[in-house]
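The same subunit A turns up in both complexes below, where it pairs with subunit B and then with subunit C.
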Partner chain A sequence: MIQTVKPSTKKRKIKGDSVWGYTFIAVALLVFAMFTAYPVVSAFIISFQEYKPLGSTWVGLENYKDTFASELFWKSIKNTVIYTILTVPFALFISFAVAIMIIPFKKWLQTTFKAVYYLPAVASGVALSVVWLWIYDPMKSGIFNKVIGLFGIENQNWLGSSATAMLSLVIMSWLSSHGTSIIIYLAALLGIDNSYYEAAELDGANFFHKLWYIVIPFLKPTTLFLLVTGIIGSFQVFQNAYLMTGGGPDHATTMVGLLIFNNAFTYFEFGQASAQSLILAVIIAVISLIQFKFLGNDVEY
Partner chain B sequence: MKKRLNVLALILAVTLMLSTLAACGSSNNGGSTATNKPSNGGSAEPAKDTIKALLPPVSGNFQSNFDQMEKEFNELYPNLTLQIEPASWEDMTQKLDTQVNAGSPPDIAFMGSGGISKYLQQGMLMDITDVITDEMKNDFDAIPYDYMAYQGGQYGFPAYMEVHALGGNQKFLEEAGIDWKSVQQNGWTYDEFREAIKAGVVQNADGNGNTRYGFVFATAGVASKDYLQILAKSAGMPYFFDADMKYTYTSQNFLKLLTAVRDMIDDGSMPKELSSVDAGKRWNMFLTGQTMITGKGLATFENSANLNNAKIKANDGSAVAGSIEAQYIVLPVPAFFGNDYVPNTVVDGYVTFRGKKEPTQEHKENVAKAAYFLASGKVAAQTNNDLFSAHITETARKAAESMEVNRLPENVTAVENMLSHAVANRTDIPVEKAADAIKIETEVIVPKLQALLANEITPQEMYDAVKAAAIKTFGEDGIVQD
Partner chain C sequence: MGLYNNYLKHKWLMLLRNGGIAFILIAFALATIFPIYFMIISSFGDPVEAGAMSYELFPKKISFDSYKFFFDYSKYSYTWLLNSLIMASAITVSNVLFASLAGYAFSKIQFKGRNFLFFMLLCAMMIPYQVTQVPLYILIVNIFNLQNTYTALIAPSLVTVYNIFLSKQFMTSIPNEILESAKMEGCNQFQIYWKIIAPLSKTVMAVMAILTFMDTWNTFFWPFLVTNTMDMQTIQVGLKNFKFANTTYFAPMMAGATISALPMFILFFSLQKYFLEGVTVGAVKG
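The block that comes next holds the complex of A and B.
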């Protein structure tokens, strides 16, 4: 639009458009400020206090010192790292494999499979845990125990012994919701132009060559995204540990999220819980930065 | 046109935002305690007031009676409204803790008296000593009434006093040659108990390779604190602290108790998967005949067993899958190593809370009236009858005379016998010490017990871990050393 009027009205017109922009953002910004930014700032302040609802006392860095000296905190970090290493790469691999298997199908069949794989995300985590508790029943009549009984293995105390408790949570994660990742991978796969495959076939590439040289490089941004969000989510894991084992036996499955929850809502030590949650946030941020540095140098979103 | 669309879209966005905030608004209004109009000097009519109560399903029919209770309370005090918010047992603590930490708890919450020290430390409990009338106080039995007191203040009224005991299957007990009537009257020692449960083990009891165990105790989930707590009471450690305020779980009795726990599993009398047995599983095992004795057992389990028996007899398919008819027998916990039998008596009741604002004297009186209404008379009579638990107020005893109860008379006598051994509540333990003891229990004792039950650590290792944590918290002088 050609502006032929005086400069003052010209400014007003542009301002008019951007005002709408800011107004729309303001709504989301307000929600963000109230429910995300304010609690983070509040947690930062509480982490320097011994919090009581009727009046807190300032204790400085004592909460942080206690946290770093606490053996349980380091154990929970170790548990969380082990859990992350065991679950995230496997989840990526499984969702990638399933996406590759779905992509050759017709459109309606693809949609059906996508819906089926996405269904667990809709189910309540508590309801899922009740079923899994039943599957992991420690007596001979438990479902998993019946299955391994077929191979002659003695019935295991899945959730009650340190050796198998972490494994049980990991298996539960392997067999659970990959729906989101599958849908994202499918969307990315559909974005690869067919001409690449045709060119590769002309050069005599087989399925694995195509996979290695075309699909995986094209999917690098998606993989990085899923890896980063997967690790962030896995570091914050809480629900399964809380519902299935309660952190036991003997803290074998106590994750950092569960530890923070216990400190805050069981022992009412909000100051220490805030300190631990901020330390966790810093750890996650550092890991994400490292991932972007090493894997995402050439990735543009 | 474009502008109108913009405005419309903006209104929609703001509406969305406001709907997320609507939840905030209602919970803020919920908790304020000082919103009543002050009554005028010359006015004869008492001011209107609302009392909020957060109540779990105390007994089977409790929550379905809420409307009736609110109506009856309003008839009794026309200017007062009782507003009851229901909660499940699982989320009761969560809901209460969230409201307490937000500074706007309900006026009354139903919970165990053991939690009083935790909330007192937060400063959120309301002392109602000065608004309790003599009539109210004299209605209650002395021992349970004192359970709701702490360090000089009275923080509510007790609803019932329950004994945590064990429950046996009459047929299996008699098959194993156990004189349960004598046990009910005279108790048993640990050695007698150990032999008895060994005798109760039957290999391949159902023909499918499943063993019938002598003894099962729930140790997983919400029941995880029960096992040691209940046994420790009769092992010379009735409280966390002795008369000199020293932590008692570092004595040799505790080590002997841990060894006994391990021995009962190694004997084969208890399942080796004990650490995964939760409250639901231990009851299921009792009903399906997989165990002779189950724990912990409350008197009300007899009611559950009778109901299931009726369903089996009627053959209507709603009975527990694979269950058998079982007559529930109340049995006391054994006494360990020559110590006296001390029953784990638990008093649950209606605890009174305050918000951030100081409550008015009038509101305090009204809350006390509401708590008394819930803890005595018809409401208490109905609840306690449903729970098969003893009445602790005169008014409830009177009201219960006309109500019917279907219990085995030997069980009634057994419970009364156990209650007669009840010890008074300790109200002299400082809140910080009590909170520290609870923290050691949750952070060290329960997790280590799970490992002990799974045979991953020895009793000596667990004892050492508890001792180390106790020394760290209370110092070398703050623990019992024998």
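The block that comes next holds the complex of A and C.
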């Protein structure tokens, strides 16, 4: 008797639950469908068109061909790669080193340092870019010129010359975007059980042995996570370039993200911009795959 | 015991080591907050056009004239702050509500297609926003004709995949036994969500709220794209416009930057714990 009743109530319960389930995700799904899924599909279609508000014309692969033939596109890819190489691994290294250095201190000091390092992430990108614009004042009285003057380097036209514009954006990124990774590294470091260090010490390991044989392998998943998200983020970055240099001088700081933005919203070449954004998506996907392949054998999320 | 050896031969060696480390950390911390310090200090200067600049690192006097200058630039400058507040609050509330509902459904309720749908959402996180930006703009501005409305500012971010992911991760760790006993007592799923899941998920909801609020407050490009009159702009867009209109007014520009950043600083220092926790919630598996 009991056995015959049980399955049927269970079935009904599950059925009732799935209605709740669909109800709970309804808004999320609707927003997702409208503002993410539809735009992605639409981007594909637009990339094969020359967009006009009243009736676009089908141009086939024209937009892609133009993109690959465009010197500026390749230059922007090159700039993006340079920016990424200079910022992401370096920022990871700094964050790792800082996290290691914070560890021996007391809890409240750790928190204070974390808060200070995280502070630039709280300020808006527009505010920071306004401030850095003045720090890079090309005059002799400019703050940054004074700083390098201490080392006997002549004052530079930081953002105004194509030799230093990229470097300026990179330095700005070094000093304002490490907070998150320091905190994440620190959390991972605190998660390593003391018994590992104790065992290593019994074997006569010194600080560097412990760093090399315990800490670095343990933090590998964290590093991979930060590396992947860092590179993905860096390939899309363009707000600082847009606000501070506008991509200039001589396109020295035009990154892919900015190129796409300009094509879309300065020249209203929606087709071209969509094609380029999809190429960017493919590049990002390939890079992430490669990283997982080579570094991520033992990483789980 | 630990990574560092705490039993050095001489006490002074350890002091020296920790002192050295502290020195490096403090130097780096100073370099990190210098731009923010510089921004706030300079905002107290006089609102005069900068000819040959001499930057003061320690202010001789404190004047609020530059703030007045910034607010006088446009009669809508207070509205910018209000717009930012409206946009950020609306997006925060809807994200906390709908992302936690969806997170609960994805972690605890069985329904057909659940895993597929969640996988789809995860894939969407990989797509760079440049891809969706153009069609989204066409959709909002050309098709729905919504430019210059709060709807245009708010709708696309009503609930983000990241927040769904965050709450799902957290809610997975809530033990099933509690939910089952609640079901035995005759709770329906909404009651379970409201009376059990939501109270248990307070932390993750707070983290979500704070990070969403901050991101929205600081966002620049979307409001920049969909607003074209001053009365609908947010503080970030207003600051950018001010910057382009007054390229040589140094102190007022710093005052504007301070105004745009200050609410977040206040929020950060009063809810520091949640901010710092929030960073790790999404990143460290668990």
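Assorted remarks:
By definition in this document, the second predicted complex is superposed on the first by the 284 of 301 C-alpha atoms of A that agree within 3 Å, B and C clash if a C-alpha of one lies under 4 Å from a C-alpha of the other, contacts with A are read in each partner's own complex, and residues count from 1 in each chain.
Rule of thumb we're sticking to: a contact is a pair of C-beta atoms (placed from the backbone, for glycine too) under 8 Å apart; a residue touches a chain by one contact, two chains touch by 3 or more.
Treat the numbers as computed from the prediction; the structure is a model and nothing was measured.
Following the overlay on subunit A, a clash is recorded for the pair subunit B and subunit C.
Residue contacts after overlaying the shared chain place A:Tyr117 against subunit C, while subunit B stays out of touching range.
With both structures placed on the common chain, the touch criterion links A:Lys52 to subunit B but leaves subunit C unconnected.
By the touch criterion defined above, A:Phe265 reaches both subunit B and subunit C. In the superposition on chain A, A:Gln239 makes contact with subunit C only, while subunit B stays out of contact range. Looking at the shared chain after the overlay, A:Trp20 reaches both subunit B and subunit C.
Of the two partner chains placed by the overlay, neither subunit B nor subunit C lies in contact with A:Ile85.
Look at A:Met139: by the touch rule set out above, it reaches both subunit B and subunit C. In the superposition on chain A, contact of A:Tyr197 is made with subunit C only, not with subunit B. After overlaying the two complexes on the shared chain, residue contacts for A:Val31 are found with subunit B and with subunit C alike.
For subunit A, the partner with contacts to more residues, out of subunit B and subunit C, is C. In the overlay built on chain A, none of the stretches 150-158, 168-176, 204-212 or 276-284 of subunit C clash with subunit B except 150-158. Shared contact residues on subunit A (touching subunit B in one structure, subunit C in the other): 20, 24, 27-28, 31, 34-35, 53, 137, 139, 141, 265, 270.
Only residues 13-14, 16-18, 20-22, 24-25, 27-29, 31-32, 34-40, 42-43, 46, 51, 53, 94, 98, 100-105, 111, 113-120, 122-128, 130-135, 137, 139, 141-143, 175-176, 178-180, 183-184, 187-189, 191-192, 194, 197-198, 201, 206-207, 210-211, 214-215, 221-222, 225-226, 232, 235-236, 239, 243, 256-257, 260-261, 264-265, 270, 273-274, 276-278, 280-281, 284-285, 288, 300-301 of subunit A touch subunit C when the two sit together in their complex. Chain contact summary for the complex, subunit A toward subunit B: residues 20, 23-24, 27-28, 30-31, 34-35, 52-54, 72, 137-141, 155, 157-162, 246-251, 262, 265-268, 270.
Listed in rising order, the residues of subunit C touching subunit A in the complex are 1-5, 18, 21-22, 24-25, 28-29, 31-36, 38-39, 42, 52-55, 98-99, 101-102, 104-106, 109-112, 114, 117, 120-121, 124, 126-139, 142, 155-156, 158-159, 161, 164, 183, 188-190, 193, 214, 217-218, 220-221, 225, 236, 239-240, 243, 250, 253-254, 256-258, 260-261, 264-265, 267-269, 272, 275-276, 279-280, 283-285.
By the touch rule above, subunit B contacts subunit A in their complex via residues 6, 9-10, 13-14, 16-17, 20-21, 94, 97, 100-103, 118, 121-124, 209-210, 220-221, 224, 271-277, 281, 356, 435, 439, 442-443, 446-448, 450-451, 453-454, 456-457.
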